[in-house]
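We just call them A, B and C in the order they show up, numbering each chain from 1.
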Amino acid sequence: MSWKLFNLLLEASLMTIFVSTVSILIGLFLAILLSAANLSGIRPLQWFAKFFISFFRGTPLLVQLLLLYNLLPVVGIQIPSLVTAIIGLSICTAAYQAENLRGGFEGVPTGLVESADMAGFSPVQTFFHIRVPIALRLTLPALINEAILILKASSLVSVVGLIELTRMAQNLVASTFMPLEIYASAGLIYLVINLVVATAGRQLERRLPGVGGK
Amino acid sequence: MRNKVISALAGAALLMGGAAAAQAQDALARIKEAGVMKVGTETAFAPFDYIDAGDHVGLNMDVFAAIGEELGVEIEWITLDWAGVLPGLEAGQFDMVAGPATITKARMERYRFTPPIAEATVALLKSAKDDSITKPEDIAGKTIGSGHATAQLAQLEEFGKTLTPAPETKDYVSFNEAYADLAAGRIAGVANSLPNIAFVAQQRPEIFAVVAPFGTKTYFGFPGLKDDDHASLMDAIDAAILKMKADGRLGEMQQKWFGQTFDTPDAVTEPNI
Amino acid sequence: MGFDFNVILSKQDALVSGIGMTIFVWVVGTLFAAVIGFVIATARRYGGVIVDKALTVPIEVIRGTPFLVQLFLLYFGGPYIGLSLDALPAGLLALSIYGAAYFAEIFRAGYQSVPPGHVEAAECLGFTRIQIIRNILLPEMALLVIPPSVNMAIILLKETALLSLITVPEMTMTASAIGSQEYAFVEAMVLIALVYWVLVELAGLLGRLAEKKLSRYRLAKA
């Protein structure tokens, strides 16, 4: 396999990295909102969060993406492929991250929340200044894991018209008839990206202070 | 709180008003104002659209570049798997479809086609080493692939019903995967339109060979929407294609990509299927 | 645009066979994956340091790459090294290998959760290794491995949708074909999303039931 082909794969992997990174961050934000809904004590909000998490964890991303791409325009929303891909991945990962965060929120020491209340924090302040940072710290390993899952899941976004690493590999296979070399190279690139993310995650975990006097 | 709700509602109303105002112009006017026409296609349909070493090339690129020039707009390509292309057109993801698509009765009820740009009659691609298939009927009892959600697959299935034992059909996300499986020996043939398989066989004569067509004569056209909103756009594209046909540009492109020209009618005729 | 599910439901034969195929590859693939994963975890526990380290590499490679790429590599690349599998066996094999890498980790954690004292006690009583695995290790780790195993089964169910991309006629494939032919793509996708959802919820329910049953068992023992 020539360097030219490998370079094309590398270029396409930038799209993979971009889409995944943006989606993970937006997904994290949405997951925090879902957690807020869950903790709000307001029934309709809790039902919505529950439904959202269950549906998006219960259906394949491929189906979600196809649905999103064909449904949004019907309701009058016109967005390019890149945005559809990011919305699709963000919503999907938000459901998973919310589920991860649930464990984190349960691990926030009640004493801390109570003392924040006594110190005059509003529930919203307590949520964003006490609960969220601690829950995030507690679930950092799960977050890193989710980042790797989303990097891999981004191999599906070509069904909404985005050319990323896997689609580029498919295209190159079509014109060169070298599936073995090209798919193996694509796999190698995914592996390297994921190893970097996993290593960076472990470093980050080591540097951040622990929670709860551990 | 109430103020926020009111302003949110007002904002939504404004947005919808804006959308309505945009709808007042028709598709052609909107495209000209934006300076961009969005065209949906798949890139696994050589020689119409394919990826050559990372670049999207093919007859469609040339034809639409010329159509864009006639209309004074840029072309923006949106590439999907074929099964998603026509639904994407209906969903409004793009202004029209390249493809091209075989002009069939069922599709004509749903879409408006441009004048034919090539013949679409279905033929078979087989392995160059396979002597057991010399005519279409020889596929009886064999496994033949075609593209998922294509008219070619439908014609293969129809033809298969006339044979005993009927061939097994496999539908692939794109024809490229079907070609790869033919090369790998998993299937005995691929059913696709003559220009497509002639191109593939010519690219790799040591691997593939063409078997005579089995389907009735059909044509390829570019499908667009039938509604009033898209009428003037489709008129303009029809005019551009006929102009290219008259001044010989279309013939040159056919020669470049198919190695031959096709004698196609100037208007969509009653399809045979 | 009105939604019309009737056109989809009129093709129920194709739809039902697609759903059947999905359930078939899911159940068979998950069972294979769990068995292979268990064998790998056991080999890592009893096979010595070299086997343990040697098995880490393929597990990490499989966990670090997308299932889609593995599937394409096996199905389209396989024939170039003399491994020309049909779509269904290729899909099952890819699914089993992919799942096995995760199940191996689940069972490894399970093995580690059993207190060494229990195993030593059994050894003193003259239990063979197979007896220890069957009578001590597996029952003791069951409660711990069930939730992640159910989770993995659910992940594998959703991955089966990708088998459509190598021509396995499972439900995403049949639904998208019907959706395209009948011009009801969105309806077709909504319908199968619901089917997946129901299957996932059912799997989750079964998992919780099994967990409940086992935890009662454990409490009784304590």
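Descriptive notes on the structure:
The definition used in the following text is that a residue touches a chain if its C-beta (ideal position, glycine included) is under 8 Å from a C-beta of that chain, and two chains touch if they have at least 3 such contacts.
Chain-to-protein mapping (UniProt): A, C = Amino acid ABC transporter permease; B = Amino acid ABC transporter.
Here the structure is a predicted model, which is why all the values come from computation and not from measurement.
Of the two interfaces, A-B and A-C, the higher number of touching C-beta pairs belongs to A-C.
Of all chains, B has its CA centroid at the greatest distance from the CA centroid of chain C. Here the spacing of chain A and chain B (Amino acid ABC transporter), counted between their Cα centres, is 35 Å.
Centre-to-centre, using mean CA coordinates, chain A is 22 Å away from chain C.
Multi-chain contact residues of chain B (Amino acid ABC transporter), defined as those touching 2 or more other chains: 84, 87, 91, 180. Among all residues of chain A, those that touch two or more other chains are 66, 70-71, 74, 170, 173, 179.
In chain C, the residues touching two or more other chains are 76, 80, 164, 176, 185-186. The touching residues of chain C, when paired with chain B (Amino acid ABC transporter) in their complex, are 76, 79-80, 84, 86-87, 164-167, 173, 176-177, 179-181, 183, 185-186. Within the complex, the chain B (Amino acid ABC transporter) residues that touch chain A are 19, 40, 43-44, 46, 50-54, 78-81, 84, 87-88, 91-93, 174, 176, 179-180, 183, 204. Contact residues on chain A toward chain C in their complex (touch as defined above): 54-55, 57-64, 66-67, 70-71, 74, 148, 152-153, 155-156, 166, 169-170, 173, 179-180, 183-184, 186-187, 190-191, 194-195.
The residues of chain B (Amino acid ABC transporter) lying in touch with chain C in their complex are 83-84, 86-87, 90-91, 110, 145, 148-149, 170-173, 177, 180-181, 184-186. Chain A contributes residues 4-5, 8, 66, 69-74, 76, 78, 81, 159-161, 163, 168, 170-177, 179 to its touches with chain B (Amino acid ABC transporter) in the complex.
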